Amino acid sequence: MKRKVVNEGAQKQTISDDSISQARAAFMASSEISDCKTIFVGIGLPCLVAHITQNYTSPNCHLVFESGLMEVICKTQPLSTASANIAKASKMHGSMLDVFSMLQRGEIDVGLLSAAQIDVNGNLNSSKLNTKSGKTISLPGSGGAHDISVLANKVVVVMPSDPRRFVNNVNFITSPNIPYGNRKGVVGVAMPDAYFSFKTGKAVLQKIYSDRTTEEIRSSLNWDMEISSTLERINPPSNRILEGADIFLQNN
Amino acid sequence: MVDKIMTAQQAVKKYINNSDMVFVGGFGHAIPFSIAQEIVRQKKHGLHLIKTGADIVFDMLVAGGCAQGLTCGWYGNPGMGMSNVIRQEVESGTLELTESTNFSMMLRLHAGKLGVPFIPSPILSNGDLAHTVSEIKSITCPFTNAEIQAHGSLNPDVAIVHAQRSDVNGNVQLWGSIGDTVDGCEASKKIICSVEEICQDDEISLTPHLTKLPAHKVVAVIKQPFGAYPSYLHSFYQRDEKYYADHSNNTKDALKTEEWLQSTIYNHNDFNSYLHSLPEDLLKKLEWNNS
Amino acid sequence: MKRKVVNEGAQKQTISDDSISQARAAFMASSEISDCKTIFVGIGLPCLVAHITQNYTSPNCHLVFESGLMEVICKTQPLSTASANIAKASKMHGSMLDVFSMLQRGEIDVGLLSAAQIDVNGNLNSSKLNTKSGKTISLPGSGGAHDISVLANKVVVVMPSDPRRFVNNVNFITSPNIPYGNRKGVVGVAMPDAYFSFKTGKAVLQKIYSDRTTEEIRSSLNWDMEISSTLERINPPSNRILEGADIFLQNN
Amino acid sequence: MVDKIMTAQQAVKKYINNSDMVFVGGFGHAIPFSIAQEIVRQKKHGLHLIKTGADIVFDMLVAGGCAQGLTCGWYGNPGMGMSNVIRQEVESGTLELTESTNFSMMLRLHAGKLGVPFIPSPILSNGDLAHTVSEIKSITCPFTNAEIQAHGSLNPDVAIVHAQRSDVNGNVQLWGSIGDTVDGCEASKKIICSVEEICQDDEISLTPHLTKLPAHKVVAVIKQPFGAYPSYLHSFYQRDEKYYADHSNNTKDALKTEEWLQSTIYNHNDFNSYLHSLPEDLLKKLEWNNS
């Protein structure tokens, strides 16, 4: 895998494009999380968001995993929501019921999810994909994704850059963007170059890294892309964050 | 004191019937592989498996021909992806899969634990998963007058589970990540449990806060060190990451899957025989203190 | 308090009439409990029943208290369902929800209760008493009594000998003898001299200690007393049990 | 890490409002007497108290004029009998009492914990207690078509609780008899907790299975040794049996009750002052290891 030099100092280090891409998406998502919030963390990219949030942007957040682990210090990448690395770095071992109950009570400020597909209305698909040849590919299913999307006070989705994942209509609505009561549902989706808000109900390009153009974003999606009149250009993550993310991703 | 110690062979023979609804304990942690192996070895069949998130031990039970149904919120290899075994069995029509969500499954098991017919929740009101599970029914909340879903209770016939320790009477102590294990066991009519250690009554009395399964419904206690291998057990051993990483390839088609069952189960009379077949020093390397 | 000599051996010992009376009622109740059963134990006389059952008659029973204590060895009298003596002699510290859930699931074989009043239909009153002068005296209330009466597979009541407690109609039905589903409800009541069965729905004298007459029983109740055609005469508790009960009652 | 350490004075002033619905933790064990004393000292009023079985700490809050309502399944002095204080206040019309059963209260708090509007149960379908609590409504079960009672959820504004230890961030560890404490705290919107000891983060991380209250809703941590006196705290101290035995006499009429409040609360600026007024050696005699 191609790795590029990101630190010209004493310790020369190379980081793969894939790692940088994940860190950029995760850092973009973490910009949506203010300090002291309680976060329900899914597996995959959401864990990197949690790591960056806790280490660089909002250090007093409370991290909760579906297995029942609470008050987790997310130092290394967990492969499952019950992995030993996060179980050992947790201050409270509750049950799955305990943490989903927190979610249902409305005490989860932010749900962090990924998905196979997201549509322009913020609906998520984790269940099945239709191929061009007409076949259906089964995926592992909702897990807690549907529940988090309905019950978290707000949901931030984080996705790799892949046009097949950003579609106008998902093949299957596992997690509908129809939140319970006055909760906010999917408020946005972060990807390696940009962040889309669903404030109006429909995806609008809200933030873009200063090293990218809106045309580059448009070509990386299968969406009819709208651009906010208040589009923000923000700085990409620092080398320190990219390095930290790379170490996180390598240690699981 | 009633002595409930027996072998996995005895426990599975005596307490698991074909066509039983079976809750499988362990969630990313403390997965009862040794009991599951024995279920496959004894060719139990027609089982209806129940779980929130179903990991690779379900591949073992399904590939072994034991399961007729699976009701769960997720299935696959955590952090790795799809279960080839379950996908193939569903596509060929030999496994009936009912998919919902992890929280819905949790609520249904919890309703079973509470002894109530259902628990209301707003989940599964919308989207393509809504209205697909017949045991989830729309009702009107008598307090808010809003529509809400009644998630119907589950009371499996038997739970299989692995834990750190127990006394001979079935006061089972479990710690580390809990997941759905305790609720699933409480919801079940009886519990079969394997443990690393059998300890004395008075040791249990010193740490009653660690006792998680009620002795009166534990019907069998099996002493089986490394009984959750290749998953991990808090304070005892780490997960065999290579086993999980290789699993997708080991089950990529029917032939490979059959070889996998052969080498892990059919070639052995019991779980200890399987453990002895593992590379020398592997279990030693996995010891908790080495992590 | 008057105490009588019950042991002429090496260790002379005196036991109060009250202690003997309680032990006789408790022993009578324990004769209704077979071995290996799971028992939900209320405070007061039910604890003495549990002690006698565990030590003399059915040693493998599982004792459960409302506070969440399970697998209790009931060596000394607890004043509350969460007392330190039973907490220390417990093998499992669950929660109140855990034990009431066992009850609701139908896993409690025997609920042991006492009450201020019991009527001929097995209804129990723990809420309020009407005095002859027309006043109402409030009592502490149901606690778990209503719940146990409705949800235990069977309920055995144990009462002191006091005619005011055995009435044709209780002043307030705290715990109706209308069990849930196919559970059996209040199957009987033990008192210091006798045991009444509610098998037919109405109290019938079923067991009597061999040192008492049915006329003595009749005069100790405000019931229209029926006598079973299969009345059993049983031996009162041994001195060993009376002594054990006395030690139990003195140590709380 | 957010430091939540403060005094009982600060915590009660800041986080308990007049007319709040208050869940009182502790069940025969770990009863938050020191926080309750401070509520009386600050003359909070109009509180609606919530409990399964309400013990003598409720006499303190009621006699102190803090409570307008009490909803519970039982009230009194466990093993001793009736509460004179509550009986008198109910008879004189100054306290609104709603009686149900311990399990109904437990289910209502548990519904609050789960975040659902109600839990169905067959209890309180019959008898003179049925149909007296307006938040319990008859519904038809969509699975059995039978009538069942919907026990409506309770979400108190604040829970007060005492426990063994916590870190500064509010990871509270509690063991021993649990009763309704954890569900009641989880159901409440915020938690005020007094503890015997403040410990380091890393001590909590070594025993995460003992952490019972979620830090994100603990708003105040008060260091108060013997904070549950005269009740007991598992591993720390025994109950003062004489205090409980004398209580009925100490509160037998309005005059005696006022003397009791004077000598235990009003004569003291804080709980430590009260502890110092106790007979010499009493607390030493109550140490757990002497039991």
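Order of writing sets the chain letters: A, B, C and D. Residues in each chain are counted from 1.
FYI, a contact is a pair of C-beta atoms (placed from the backbone, for glycine too) under 8 Å apart; a residue touches a chain by one contact, two chains touch by 3 or more.
Every value quoted in this text rests on a predicted model; they were computed, and no experiment measured them.
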Where chain B and chain C overlap in contact partners, by chain label: D
Required minimum of steps from chain A to chain C, each step between chains that touch: 2
Interface with more contacting C-beta pairs, comparing A-D to C-D: C-D
Separation of chain A from chain D, taking each centre as the mean of its C-alpha atoms, in whole Å: 40
Rounded Å distance, chain A centre to chain B centre (Cα mean): 29
Length of the line joining the C-alpha centres of chain B and chain D, rounded to whole Å: 38
Where chain A touches two or more other chains at once, by residue number: 87-88, 93-94, 97, 103-104, 151
Per-residue overlap in chain B, given as positions that touch at least 2 other chains: 110, 114, 116, 121, 175-176, 209
Contact pairs between chains, per stated definition: A-B, A-D, B-C, B-D, C-D
Residue ranges of chain D in contact with chain B within the complex: 110, 114, 116-121, 135, 137, 139, 141-144, 148, 150, 152, 175-176, 209-210
Residue ranges of chain C in contact with chain D within the complex: 43-44, 66-69, 78-84, 87-88, 93-97, 100, 103-104, 123, 127, 138-147, 150-151, 172-176, 178, 180-181, 252
Touching residues (chain side chain D, partner chain C) in the complex: 27-29, 52-53, 55, 72-76, 78-83, 87, 90, 99-104, 106-107, 110, 121-129, 175-183, 232, 234, 238-239, 241, 244, 291
Chain B contact footprint on chain C (complex, rising order): 36, 38, 60, 62, 70-71, 87-94, 97-98, 101-107, 151
Residues on chain D engaged by chain A in the complex (per definition of touch): 1-2, 112-116, 155, 167, 169, 171, 186, 201, 204-205, 208-209, 211-212, 214-217
